[in-house]
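Have a look at these structures, which come just after this line.
Heads up, the next two complexes both have chain A, just with different partners, chain B and then chain C.
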Partner chain A sequence: MARNWWKVLSALLVLTTLVIGLKAPLAPGIAEVSPERLAYGVNSVTVTGYNTRFAEGEEDLQVWLSNGTQLICPYELSVVNDRELRATFSIPEKTEDAFFDLYVNNSKDGTVMLESAFMQKDLTVVASLPENERNPSCVRKPAVTEAAEFNFPNQSILNETIRNLFFHVPAWFTMMLLMGFSLAYSILYLRRSDMAYDAKASDAATVGLVFAAAGLATGSVWARFTWGAWWVSDPRLNGAALGVLVYLAYFVLKSSVNDSEKAAALGAVYNIFAFVMMMLFIMVLPRMTDSLHPGVGGNPAFSQYDLDDNMRMIFYPAVIGWMGIGVWIMQLMNRTSALKRAKILREYA
Partner chain B sequence: MLKHLRQFFVLFIAYLMTVSSALGQDRGFEDVMMDSGKLNVVFAVVVMLIVVMIGFLVYLDRRVSRMERQEKIKK
Partner chain C sequence: MWVEIKAVFLKDLRSEWRQRHAAGSVFLYVLASVFVAYLAFREIADVPTWNALFWIISLFAAFNAAARSFANENGGRRLYLYTLARPEAVVLGKMMYNALLLLIMVFAGFAFFALTLGTVPLRGADPAALVAALALGSLGLGLILTLVSALASHTDNNLGLMAILGLPVILPFLLILMRFSKNALDGLPWSVNGVYALQLGAVSVLSLALSYILFPYLWRE
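Our next item is the complex of A and B:
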């Protein structure tokens, strides 16, 4: 038991992060607005919230539009239910920006915002409005939420799929760790010519490929939801697929040579090449070009913009947990391979 | 190896079919799943799968340990 503490810890971390990661609610947000364009004059809009409590917080509810330095408040506001409200705005002829951001505030939800919620229609967009048309005083001091509960950020494109972060990224991190083990075992084989190291390198790469498949599958589903396609021609995505193919070639190469000593030596040399190529394809090349994927091409990844403290509390333990599970599976395969080798040796002795 | 590949392929196709049918729904899909409580069933199945996976790992770990002990005795 004392030797296996890390296995127990990994299992507990994976289960805990799975339960909290899937069950914790999303923060209140604005799901959609209708219509999506605002024209000069009177405009009635319907705002649909997500996990919101518009009716409960109706007393101090306020809604406003922000356009550049200008604020626009509705002259009529009615709450349909907790998730729907209707507001009527009088839109001026001149604006500073082509898009209007929508804000809804009450004491139950705090301030929820939808960036570029509405687009202007036939309005005159000017560089700057005079002071008296900016109307900053139409918004009262925004109410603060009564009790902040544990939730995940409600981002307009990601929505509920934001939870996939706890599975998609740890799968890739675990894959990289296991491929790192595989590389280390291959180097050890080249130094000592011990077949046990070759078997360990091969086992680590096999488990790494399983996690890579999990990373590709979870990423593909995420891409379908956020970008609208199962696969887009993006340097990060293509790089990940190439990295996996490079490692598949490692197994093809090893199985194509009949002499096990030769296969092990060839495989070990190729493994070093495969690891370097995978790192180039996944970590280096995508950072040198524009990319849709977070963390490359100037997109933020683990920054304050898209990973808040609540998410970090689940994300880092999930990474440690899945890495532990990956190493556990690899260790089991290593031990099984060692037993098989011992049995073969005994039979030949 | 081929047997494992076939199993993996069948599981992968089943996974793709399930996910694509879920994503083919309109925006209210998650609301329907949440409001009717069906999401809890999905959640329970996912947790159960992970629990079974960990249970299987524990079983394998114990079995391999036992075989290692037997191997030591034989030596």
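Our next item is the complex of A and C:
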């Protein structure tokens, strides 16, 4: 037990992050507005919320638009149900920004906002409004929520798929860790010529490939929902595909040689050569072109803006848990392959 | 060390000269591919297509050329070679020979390609950058594929495995190369394009170092 504590820990981490990651709700948010353009004069808009409680928090409900330095409040506001409300705004002729941000506040949901919710239509956009045309702030002191339940940020476009962070990213991290193990065992094989190291290197690569497949699958689903296609030609994605190809080629190379010691040496050399070349290109290549993928080509990684404390609280344990599970599977494979080798030796003895 | 590298290099050069028809087959491969492209396209005025097609043909020619680099040394002859020279010297000599072969092949192929598929994309080109692209490209292809060829030569399915092992490794290099050569065709200044030349050079040096370290583990098998 003393030596296996990390296996228990990993399993528990994976299990808890799986359950919380999938079950905890998203924070309230604004799913959509209609119409999406505001013209001069009276505009009636419908706001559709997600996980919101408009009806429950109706008594202190406030809705306002933000445009440059100006705040615009509706002169008519009606709640249809928890998910839907109607507001009527009077839009002035001159605005400071082409886009209006929408805010909804009540004591149940807190403040919910949709950035650039509306676009202007035939309005005059000026740099800043003259002093006499500005209207005084119409927003009362916003209501604060009573301690909200544990939830994840609700971001437009990402929406519910934000949970994929707990599965997609750990899968790739685990794959990289396992490929690192594979590389280390290949180096050890070349130094010591012990077949056990060769088996360990190829086991690590096998498990790594499984996690790569998981990373590709989760990434593909995520890309479909956020970028609109199962696969986009993107340096990070193509790099990942190449990485998978390299390890498939490694297995083809090993299986195409009958002499197992020769296969081990060839495999080890290719593993090291390919790993170094891949790493070099993964560092260099994404800087060549822009990328949609976070963390590439001047695109900030998630941690900078989007990871709030609740996300972190699940994300980091998930990474550690999946890495532990990956190493555990690798060790199990090592042990079975060692047993298989011993059995073959016994049969020939 | 240098003496050994030179000896291996000259030995390859001489044995190639004695079997001219074998070396000619690689050139014929380029000629035939370009001719097929010519029959299919007649003329290509679009710079990216012209550029991509040229490098794809060069890539497969490079695979063909590199696949032959260890073909002559099988069994006894390989053993004899390694008694004469250190394995590091053998691989470096072979790499240099491959790079030279590809240098000639790529430049000759380029001339023939321009001749048949039209020189329209060459009008705005920066000649110095284009020559650099051809030189760095052939150098890198030759160097990287030599180690892959050494791996594949130990198996039965030499050319097939060469493609499987080589393509994922060479593809990123090829992407940088295509970008560099397209920019050269578009006549972009060095301040923009220089970084790609640097990357191509760095990858070539890295593959040289890796082969130097790894090859000694390979030859004994």
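Things to note:
We take it that the second predicted complex is superposed on the first by the 333 of 349 C-alpha atoms of A that agree within 3 Å, B and C clash if a C-alpha of one lies under 4 Å from a C-alpha of the other, contacts with A are read in each partner's own complex, and residues count from 1 in each chain.
As a convention for this text, a contact is a pair of C-beta atoms (placed from the backbone, for glycine too) under 8 Å apart; a residue touches a chain by one contact, two chains touch by 3 or more.
Every value quoted in this text rests on a predicted model; they were computed, and no experiment measured them.
Of the two partner chains placed by superposition, only chain C is touched by A:Leu245; chain B is not.
When the two structures are aligned on the shared chain, A:Arg3 is found in touch with neither chain B nor chain C. Shared-chain residue A:Glu32: touches chain B; no touch with chain C.
When the two structures are aligned on the shared chain, A:Val19 is found in touch with chain B, with no touch to chain C.
In the superposition on chain A, A:Ala11 makes contact with chain B only, not with chain C. Applying the stated contact rule after C-alpha superposition, one finds that A:Lys262 touches chain C and leaves chain B untouched. Residue contacts after overlaying the shared chain place A:Ala274 against chain C, while chain B stays out of touching range. On chain A, the surface touched by chain B in one complex and the surface touched by chain C in the other have no residue in common. Looking at the complex, you find that chain A touches chain B at residues 4, 7, 11, 14-15, 18-19, 22-23, 31-32, 159-160, 217, 221, 224-225, 325, 328-329, 332, 335-336, 339, 342, 346. Those residues of chain C that touch chain A in the shared complex are 144, 147-148, 151, 154-157, 161, 164-165, 167-169, 171-173, 175-176, 179, 199, 202-203, 206-207, 210-211, 214-215, 217-218, 220-221.
Taken together, the chain A residues at the contact with chain C in this complex read 190, 239, 242-243, 245-246, 249, 252-253, 256-257, 259, 261-262, 265-266, 268-270, 272-274, 276-278, 280-281, 284-285, 288.
On chain B, the positions that touch chain A within their shared complex are 12, 15, 19-20, 23, 27, 30, 43, 46-47, 50-51, 54, 57, 60-61, 64, 67-68, 71, 74.
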